[in-house]
Structures are given as C-alpha cells and as structure tokens.
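Labels A, B, C, D, E and F are assigned to the chains in the order they are written; within every chain, residues are numbered from 1.
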C-alpha cells in the first residue's frame, strides 16, 4: 500500500544514517560467521503495523535472512507475545536491528493509539481521520499505520485535496469568494473543504458550495447545531482539542469525521524488543 | 551544529513530500500577490529548539520572506508567548507552514521533555544521554534537540562508538573475549562500552578493560554497588526503565550518565501554532 | 506554479544530459571571454508558456546572464516576433541554448495547441481537460502549459483523483460494487469519477453515487442523452476521438469537460530560434 | 543499447511521478488479489521500438508479472495487431499501465515517423540523422527509437562531437580561425563539423580542414554544387526545412546525411491501448 | 566490511561516469552475442584487496557473468599470476573492464604499499595507521584496503574521533583549555587525541587528560623521551615524514601507532591487466 | 571547464563523506566565533591546478570565507611559496581544510607530473595524452589537471570515442571486419582508432580506414617504421611502458600522441599544507 519506491528509499536512507561508515562494534567483536535466531517481542499490548516493512529492513541488510512473522498488520499482540522470528547471520541481524525497530515501533505505536480512538467511538457513524502533522519523510508510513489502526486518511499532502482555512478565507476576502475561486481553479477530481469557526460560517460555506465543512474547535453543542443545519448537504469533519476522553462526545454529535493530529505527531513508540534466542 | 548538507536535504525532501505536484488550495484561492505577517505562538510552556531550521524552511520556500525570531535555541517560552514573526507573500508562508511546524514542533517537543529530565537530576553529577532510538531520517535533528534541552549525545550511529551488548557478548563467548577482540580491531579514537546485567558482569567488564560500563535494567541498590566496585576506573551509564519519577534515584546512585530512549522515540510534539496577524 | 524543487531538478538533469563531460565545441572554439546578446524569435504564431523556465535554464548555466522577456506566459507572439533578449558570456548562452529551447518549445507547443481547442469551443460552457498522457518526467511542465493555453488540469497523477475505468469495474464486479468500495476507502477529499460506455452505465454510475461521469468514446447523440439523464446530478466529461474538427460538436452536447490526450502526447514543438544579434 | 542505469532511473522517476503517494483508485476498488491478462494492441500501423523497456516498467512495478511479446524492436504491427500479452495481478498491471504506455508510445511514435523518412529516400546513399532536439531527460530513449526506425544518431550531447555553428564562427572571427582553434583543442577522437550557409563558406570550411560540412537551409541546387565542390574530401550533412515531401530531393543531391529535428521534437505518440482480456 | 549501500553507489556512479550515453565501440563492433572468458593477471607482485568489489562491478553490468576468483583479500599474487577468471558476454565484460580495474588496481595498490610498511616494522609493537588523506568519494575503499594490507584505520571522518590539532589549540588558548572543553562537549564514546610538537606539550597534554598523544614531526630521540614521559598513561601516535627507510626507527622508539598519509594519497595503482583468453 | 553540476556534486559528496554527522573536534573545542587567516603553502615545487575548486570547497562550507589566490591554474610555485590566503571563521576553515586539500593536492599532483612528461618531449611534435585510468568519480578533475599540466585529453569515457582494441578485433574476426562494422554503426562525429601490435596490423588498420592508429607496446624501431608506413594517412598514438626516461625516444619516432596511464592512476599527491597565520 506504501509505494515500493518510497519504502526502499526510506530503508536505504535510515540504514545509511545509522550504519554510516560501518557498524564498528559488530565488525570488531563478531567474526561475521555466527548465525542464530532472534525473536521480536511485544513488551506491552499493541496493534501490529508495518510487519512487512520490518521484514524488509532485515532483507535489505542481508538477503539470506529468514523472517517468519507471527502476526499480520492489524492484529493485536499481548505483552510478551512473539511478533516474528528472524534467523540468519547475527552480524546482519544486529546491524539492522535498531533501524528496523525504530520504524516498526513508530508504526505500531501509531496504529495502537489510533485503535484506541476508533474503539472509543464504536457504534457511531463517525470515522477517525489523520492530518498532515506527520514526521518529515515518514508521511506514507504514518498514514499507513493510521489505516491499520482503523482510522482513515485525510489528504496525503497539499497536492491531494483542497482545504480552505481561515487564512485562505481572509486572504480571499470571505468564504464565498474563496470557494468561488476554488471552484474555478481546482482539478475537477478534488472536493472542496472549508474550515469554519461558528454557525454563521457554516451557513456561508454551505451556500458557497463546500463539499466538506470542517468544524474547528467548536463545542459539542454548536457541533450538533451545525449537523442539523448542514443536514446531509455536505460532509462534516470535527477538529481540534480531541482526546480519548471527549472523542465519543464529538462522535455522538453526528459528524462524519473526527481528525486528530496527536495520533501521528505525538504517538509514543510501541515497546518492542529483539532478543537472540538461539545460536 | 547540524551539518548544512543534511539540513537542506531534510527541508527539500519534507517540502516535496507535502507539496508534491503543488499546493492546490493556495494556488486556487490566493492570487499569489497577497502579503502579510504571521506569528508563531506557543500554546503551552516550551523550550525552543530548531528556530534556525524553522526559519530555513520558510526561506527555502521563498527567499524574500522576513523571519524575526523572539527566542534563541534553549530559551523558554510560556503559553501564548510569541516565538517568531514571519512576513512576506502569504502564499509562500501558507505553503511552507505545515512542514516548518512539523519539524519545529518535534524539536521543541524533544528539548522540552529532555529539559524536564535534566531539571529532575539537577545538583547531581549525572548527565542525561540520548540513544539511537530516533526517527528514521531525523537523527541529527533529534540529537541536536536533546543537546538544546540540556542533555548529551551518545554515539550518532553504529559508526560512532563501540557498545558491546549482551548479544555481542554471547556471540563472542563472554565479556573478556568480546572486549579483547574489540581492543584489537577498533579505531584507536573510540572508547569501548560494555553492557552488563549484574555485578559479576561489572567485574568482568572492568578487568577486561572497558572504558564505559552500561548498567542495564539494574535496580538502584545494585547500581550503588556497581559504582563502588568500579570506583572511577570506568565511566558508568545507567539505562532502562527510566521515568521522570525515578530518574533522580538513578542519578543519586553516583552514575555518570543516564540514557533515555523516550526523549526521542516518544516525545510528544510541542504545541505551536501559526496565525496570520496582519495583511 | 510548478513547484520550485521540480523545476530545478529538471533543469539540472537536462543540462547534465546535454553537456555531460563538457561542451567540447564551445570550449575549443571560444576563449570564454566573448560577450554578446541573443534574441529568441518565434518562427510561427505561438502562445508563450514557460518563459520563466526558459530564463531559469540560462541562469542555472551562468548567474550573470541578463534575460529580458518581451512576453509573459499566455501572451501570443506572431511569426518573427521577439520573445526575449539574452545577454552575457556567449559561451554560457551557447552551452545552455539547446536545453532551454527544448523545454520552452515543448511548453509553447502544448499551450499553442491547447489554445486552438479552447478557441474552438468558445461560447460553450465546456472546458478542455488534459490527461495523464504526458512525457515521463515532464508532467508538471506539460500540465502547466495546458493551463497557460486555457485548458484545465485533470488529476496530476494516480494519487490525485479517483477514476474508475472499465477494468476496475470488471475487476470489482460492476459499477455499483466498484463505486461502493471506493466510497468506503478513498480519502474524503477526493471525488469519484466513473468511466461509462453507454446510457445504461450512465444510469448505474449515477445511482451508485459517482461525482463525475466520463463518457468514453460515445457519439454526440448519446452524449446529449447522457446529459439529459444526468441532469446536473454529476459533472460530465467527454473523452475519446476528439479532434479540432469535432470538438465543438462535443462541447455543444452540454458536457462540462472534454479531455484530450493529444494536447500533451502529440503536441509538435513550437518553432523558436535563438540568434546572436550583437557582440 | 540504452545504458541500464539510465533505463532504471527513468522508469523509477516516471513511476514515482505518476503514482506518488499511491494509486488511490486501484487501492480503493480492487482487493489486490485479482489476476488476469491484458493485451497491448496497435490502433494504427506502427514500428515497434522499446518493447524491452515497456516490459521493464511492468516488472519494476511487480516482479511476478508475465510479459510475452509478439514483436521485437524494429518490426511492424498493423492496426489492431497484438504487440504483447501481460499477465499477473491486475492491481500491478493497472498501476503501471499509463507510465508504460507513455514511454512506449513515444518510442514507437519516433520510430514510425523515422521509418517514413528512411523509406522516402530508399535507394539513395543518404542516411537520416537525428538532432539534439529531444525531450529533456529522454534523449537516450528518443535516439534509440531513431535507430530502430532506421535512422542514425548524430552526437548524443554537447560532449560527444564538435559542431561549429554560425555563432561559434562569428565569435572566433571566421571559419578558418574557428576550425584551427578546434584542431588544437579537441580530443583527437572527435571529428570537426562546420555549419555553412553558402558555397563560399563551403570552400572555407573545406580548406580549413573540416571533417564534416553541414549545409544549413540551402536549396537543392546549391546543395548539388556543394557536393561537387567537396568531392569526397569531407562528409556532407543537409539540415533545415526537411519534410516528407522534399526529403527525397535532398537525398538525391548526393549528400551523406539529412538531419531532421522533427522526428524527435514533434513526433506524435503511436496509438496503442491496453485491454484486460481475461480474468 | 564496506557498507553495501556505499559499495553499490560507487559502482553505479563509476560505471555511469565511464559509459555515459553508451560504449560506442562495443556497440558498433560487437554483435552483443559473443561470449568468452577473460583472465585478470598481476603484472607485478601485489597484495589482493577488493576482489569482491572487482567481481561486483562485472555483475552490476551483467548479472549473468561468471566470476571465479583465484585469490582472497589479503593474499599475495606474484607477477603473471592469475587473480580471477571472468566469463560471459564479451560486450558486458569489455564495457565494465576499465571501471572494475580502476577500482581494483587502486585498492590493491594501497594494500601492497601498506604491507611494505607493516613488514618493515614487524616484531615491534607499533601499528601502521592511515589518515583522512584519501581520495574524495573513496574513503571507505581506501581505508578497507589499508586494513587488508595489515594496517589499522584511524578515524573514518571528522565525525568519528576527536583530534585536537595545533590550530584548535591556539584557537582555544592552549592545550589545557582545549582538552577541558572537549571533555565537556564530546560524546562519551570518543577518546581525545592531542597533537603535540615537543616534550613540553607532551606533558601538558598528559596532565590535561588526553587519551592519545600524537607526536607531530618529532625526531626519534624526542620520541623516545616522549615515550618515557608518557609511560603508558596515554596511547602514542607518531606522524609526519615517515618513509619506508625510516619507519622502523620510528617503531623502535616504542610508540603505539605510526600514521602515514602516503599509503592513501600517493599509492601507485597496482599493475593488473585483463585479457580475453578464450571465445 | 569542469561542468559546474559535477563540480558541486563532488564537493558536496566529499564534504559529507568527511564531516558526516559533524566535526566533533571543532564543535567541541571552538566556540564558533573565532576568526583568522590561513595560508596554503607548497612544500615542494609544483604546478597549480584546481585553484578555483580549492576555493569552492571553502565557500561551500561557509559563504563568508575570503579566498585570495596567489596563483592561477598552470602557474608554478616553488617550495614554501604561498598559493592562497583564506580568511574567515576558523571553525569553517578547519572543517573544510582536509577535503579542500585532498582534491587540490591530487589535481596539482597530476598537473605537476604531466608537466614533467611534457617538458621531456619539448621541441618534438608529439603531445602527451591521458587515458581512462582515472579515479572513479574524479575523471573530470583528473583530466582537467592533465590539460593544466600541458597534456591533452583522450576520450572522456566509453561514450566519447571509438577505440577498437585487440579484444574487439578478435571478437569481430579481424581488423578489417571490426573497422567496417564501426564505420557503419558509429555516430558520424566520431573518429575510429585502432590498437595494433605490429607492422602487419598497421597496414591492415590503414587500409581498413582507421583515422587513428595506436601502436601498443611497440619498440621505437618498429614505431619509426610504422610512422613511415602510415605517412600522414592517419594520426598515430604510442602507448605502453612509457617512463620519464624513455618518453623522448618515443616522441622522436615521429608519433603524434603518447598516452600515459600513470599520470592519473599513479600520480603522487602534491605536498601542500594549510597553516593558520593570524587570529
């Protein structure tokens, strides 16, 4: 799902960043001929995301490594559970270990956090959306992990969707002007989303022809009124100040989407370790 | 402090990742001639890190942007405080905003979290160290932010230091063998660090000639005994299970360094926003 | 409008492709100190597109070149008209000339051809759209030239819009299934376009919820019926077999868009020459 | 014949340009498991060029695709003829289709047009030459297609041959000076070609020691006289204003080469389509 | 031992540098179907270094080439001895030959020269060290060859070790200040080396806490005194003016390391040729 | 004369290779604010080559550095002579010093050695030619230095000239076949050179139409006979076993060119040092 060219570039650059002119410890201490098997273990309950990428890092380092996964993307592992077995030359495994874990722990961390939000609103019609608040260079990976966690992807970048924010609106002299300009200029394949702050702006956006209306930092009472006002004539996204405690309240207002920057900009890494279990 | 070539590559790749074939919203809604001034505001108390890089992203997007910082790296800003003023073409500012914030919020986030650990052990001789648990592609940036927060950098990658871990030890048939091999093979410029799990291994590492001994997941009682045993003959690093609540206990055992993966792998983004304040 | 990073990469790669290990003629025959002025002249009536890029190639080769344009993008030049004056070191001008012209002649060629289609349907509500049938590596340039010629851009790539073609439909087991799957899986920012071959499929697409319906290779009678059937409930794009002779007939059926691959895949280069006029 | 490194770079960049952050349609509508066979069909009479590159694009996208060609480079296909069968995962085939066709249609288009010129002068000793008027980034591909169409390659870039044009001549103060300087400075492996406008210049170039004389925009009477004058002491290239109607007249003057920019800068894409024929 | 990513980049860039737009001779003179076997022969006595890289160049050019080595890295070959047999398509072998030899001859040249220095000091405890005086872009290769020749690697780059030279010392206001600053700022994994010119500076460096002391351009009498003074409290490196005639005198002073720039900046290429022996 | 794109890439890659994650010594020991002036001094008599590139490395590292050259390319400097003054931030100068010297010392080394060969044959008509035996990645730099030393460049790569060697000849079934094939297939801009071993082959090559004949490893008596035989009908290159002692004998046989691999594959670095002279 992540384009192969991006995947390979990330792995290549991350390995080069870490290994640089060589893994001096492994080169000095191992002969290079030692073989063995390592296990990747969860050290807390997590949702697996990026198992194929985790595998790919080891193979990029050494084509002869055997990688046997115990889980697929989207499955959960409990604390102490085994995620994968990795066999082959220990020097290859040890040199790739940290890069492989850095990528994989981030992806599992995002999926695990996303899943908590998704579970928190289960039974409502709302969907959890990500944002563009991702790590520089890792957007494809961050957004893939969101999907694995049960979330949905908002636009992949500035190129992939029209979102008219308050600054655009003021620059254009109001919502109607901004939407009208957009209707004349954007590729027909894209919808138009407008960020609004209050019910007056909701009405303006609706009448201007917005396809999606984003309610920014509104309280849930106003959200409910906005949902009534819009009445199915546009999709509705709620944004701003979402936490695990209040996300269900947001969902129950009847909005279509709830977008959350924290699932990518502040997700803690999932706790996963790699241990040599036999030699 | 971050090599200029790496800085420019990150900015170029991050802008390309976000802008791709073009910022369709800005191109559609703005004429391109609108000018104005934006402010970057802290939305919580933070330590500033990466202000020069934040500036550089805007300049990469448009050389004519004026960037006036209110803070230097390492200074604090309180909630609602202004960090910088950015003036110029609004189209340029809006197209670069998200990438600039993504990088800057991460760096401030790391510095702010690091500072909390550093403050927690003030008055002890211990230093906070980072690890290689950084974002793929962002290591130079993550580690720079740690320094700004008052921490110290452990090795920059596998190329930049010898750290003999349990897996290397078992592959080499024991600590003495592993250290002896390392002494024979590594560049003379590098010290040798050995990871140990208990006091017996501390003694082995010491007699084998380790320059630094890393106490991995030991309790503070054992750490104190290790400090006595080593008695200045090697530097001592404590690692594993460090939190803001227990870090002072660690420091008071007398170790030289405490390394913490979480300051880079799980630092939440600092909350910073950009607002157009005049046009 | 073309992202600066892409612009500079194209210029760098094109210059390297042409100059390689060096311009042996210029190095051998000129001393390097000769200066003078060249003129870029139209050798047929054309629409100018890419004048800024044309300039940029010379400046990339030599920062001290003076480039004075006589036209802006979108303006016309008649046969023999002057497009720009280029002054500076002759060695720099001559080494960059062919690359500069190759890019510029293509862009003007596309804009000139597009303009002919746009003029042919003037007075109707239809818009000319481009396709993804562009030169590998030059899409941003080809599509920019289409806009300059008065056309509109369809999606920039597979990432930038959903277009469900006959093959997708058959793979998914029919239009309804295909559209339903798309509705569940795509980013909310994107509309859904469906390619149809006949009026039955038009109805299916409409009821499935398509935002845009592409009439593929239909005759104008069927197109008119499709327009009636759809009746404003979706946008309509006509595609296939469009020529300068029949494009107006297409437009007069009432469709919203007419897409034409030939304006990019088969546009002849505009005839432009560069002549040293003084030394 | 096209260096492998360039081939792979073009394919990688073209796929990235088109697919970007992902083929949203295929990802949304297909499950990814559908398999089937597609046919590439000629929709007009064409000369095949680049069949191996066409295949390579699909394999780059998915190594498991089966590609069975019906034609080799240089062979003709009639309208409706099958060029190749492509089997495998439909998602892989559909995501690579447009890029594969964009490259292949251009190459076949160039070869087909070149072949028309070659056929038009059959029986004469003249050879059709290409120029440096190629698509930026595609020169190796454009020039390979010319050879497949029966043409010959002029220099590959400014690095690969000495061609002293009118501007070089005036900068050097005359033909004799220019050629003399070149004789002293160029690598011995390269011949010297001089562009001339009339018979006086032909004599100058000849006496100065030119290896090849290019007759620029001369009429056929003057060309014949130039051929007599030169009398085998240099190779002769005719250039400028060549069309399918007059190319035979040019050839019959006795020149060795006729160079034509249009076969690369203005060749229309060959009409080729890809259709899923079984699933 | 050379990171695989660097190895492949060097080979790709070197092949592109040499082959560029194509090997015109091989393409013109061979049909492409000729097969045969070539031998790589030593034309003088050499130490083999880089045999795996030599092989890799041919395989990068053509995966079907068979490469059978007669020697491993570190083994010697006498004049006329066979180093390897290379079989496959002659066009592939001939196009890769020069690049393969250029890399391999340099590496063998360095290893052969290094070995002479290593042999000259056999029986002493001193080790031969390289420097950063390597070919731009080839450091990993140059330093690998030094190890194969029996030498040891000093730091791989400015990132990999602290070496305080006279300029740093004067900038910091003396040795003590410079070392003190370094102790406070460098990563704990790195030792501190200080360059000194006389015995007074030796004492300063020692008392300041230097881990390694580099005696720069001292005579052997002073070196002996320095060895006495230091008395095992720091490692000692001798540097400057080392030749094959005086290196043993240096070694016999009791220093730990002797560093020699000439083994990389001035090593002559080993004389090796490639000959087709059967077709 | 070296294309700017290649120059900047080499400098960027060489700086990144050396500095990597940062110059730990300079960062630790200097405050970054110290300024001063350094001198580049010759430590032996040399020919300067690459002074502009030497300057460019410092400017790439820090745009504010002042670089004042005392010599131009091609001029000589005696032992202890000053080549250039470099002023600015000491941290910038020290971090760039080694890379700048590595490139510059190699280029001066090549020019100095070439000049010795050129002087050795002064008064004869022969010219010194280089070969493709250059450092991988540095060909443009190596060949530029040869020209500065008074030599001439043979082809820049396999793309830039036809040289039919013994292996091509045997693959093609003899000299006549090989040359005939080449005449039919190569771009008209290129001459044909044939390598021969004896006088019989000289005659074959001449009658086949070779433009240049390379006498490989012939003794001077045979060379003289070859010169008589050829009698101006082709250019003549002597190759193989050339030393400073015998090069004049080669030249006096009357050949046009003498090619020498050693001037690039085995040139020792010129001895140049950089010293801070004021602060």
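What we mean here is this: a contact is a pair of C-beta atoms (placed from the backbone, for glycine too) under 8 Å apart; a residue touches a chain by one contact, two chains touch by 3 or more.
Quick caveat: nothing in here was measured; it's all calculated off a predicted structure.
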Most distant chain from subunit C by Cα centroid
E
Select the chain at the greatest separation from subunit B, using centres from the mean of Cα atoms.
D
Between B-C and A-F, the pair with more C-beta contacts:
B-C
Calculate how many whole Å lie between the centre of subunit C and the centre of subunit E, each centre taken as the average of the chain's C-alpha atoms.
52
Rounded Å distance between subunit B and subunit F, as computed from the means of their C-alpha atoms:
45
Which whole number of Å gives the spacing of the CA centres of subunit E and subunit F?
22
So subunit F residues touching two or more other chains come to 19-22, 27, 139, 156-157, 159-163, 187, 190
Are the chains arranged, by touching, as a line, ring, star, complete graph, or other?
complete
Would you mind writing out the residues of subunit C in touch with subunit B in their complex?
1-6, 139-140, 156-157, 159-160
Would you mind writing out the residues of subunit C in touch with subunit A in their complex?
129, 152-156, 159-163, 187-191, 193, 211-212, 235, 237, 256-257
Residue numbers on subunit A that touch subunit F, as the complex places them:
20-21
Applying the document's contact rule, which stretches of subunit E touch subunit D when the two form their complex?
12, 15-16, 19-22, 27, 61
Applying the document's contact rule, which stretches of subunit F touch subunit E when the two form their complex?
10, 13-14, 17-30, 34, 36, 90, 94-95, 98-99, 101-103, 105-106, 109, 132-139, 156-165, 167-168, 170-172, 178, 181-182, 184-187, 190, 261-262, 265-266, 268-269, 275-276, 279
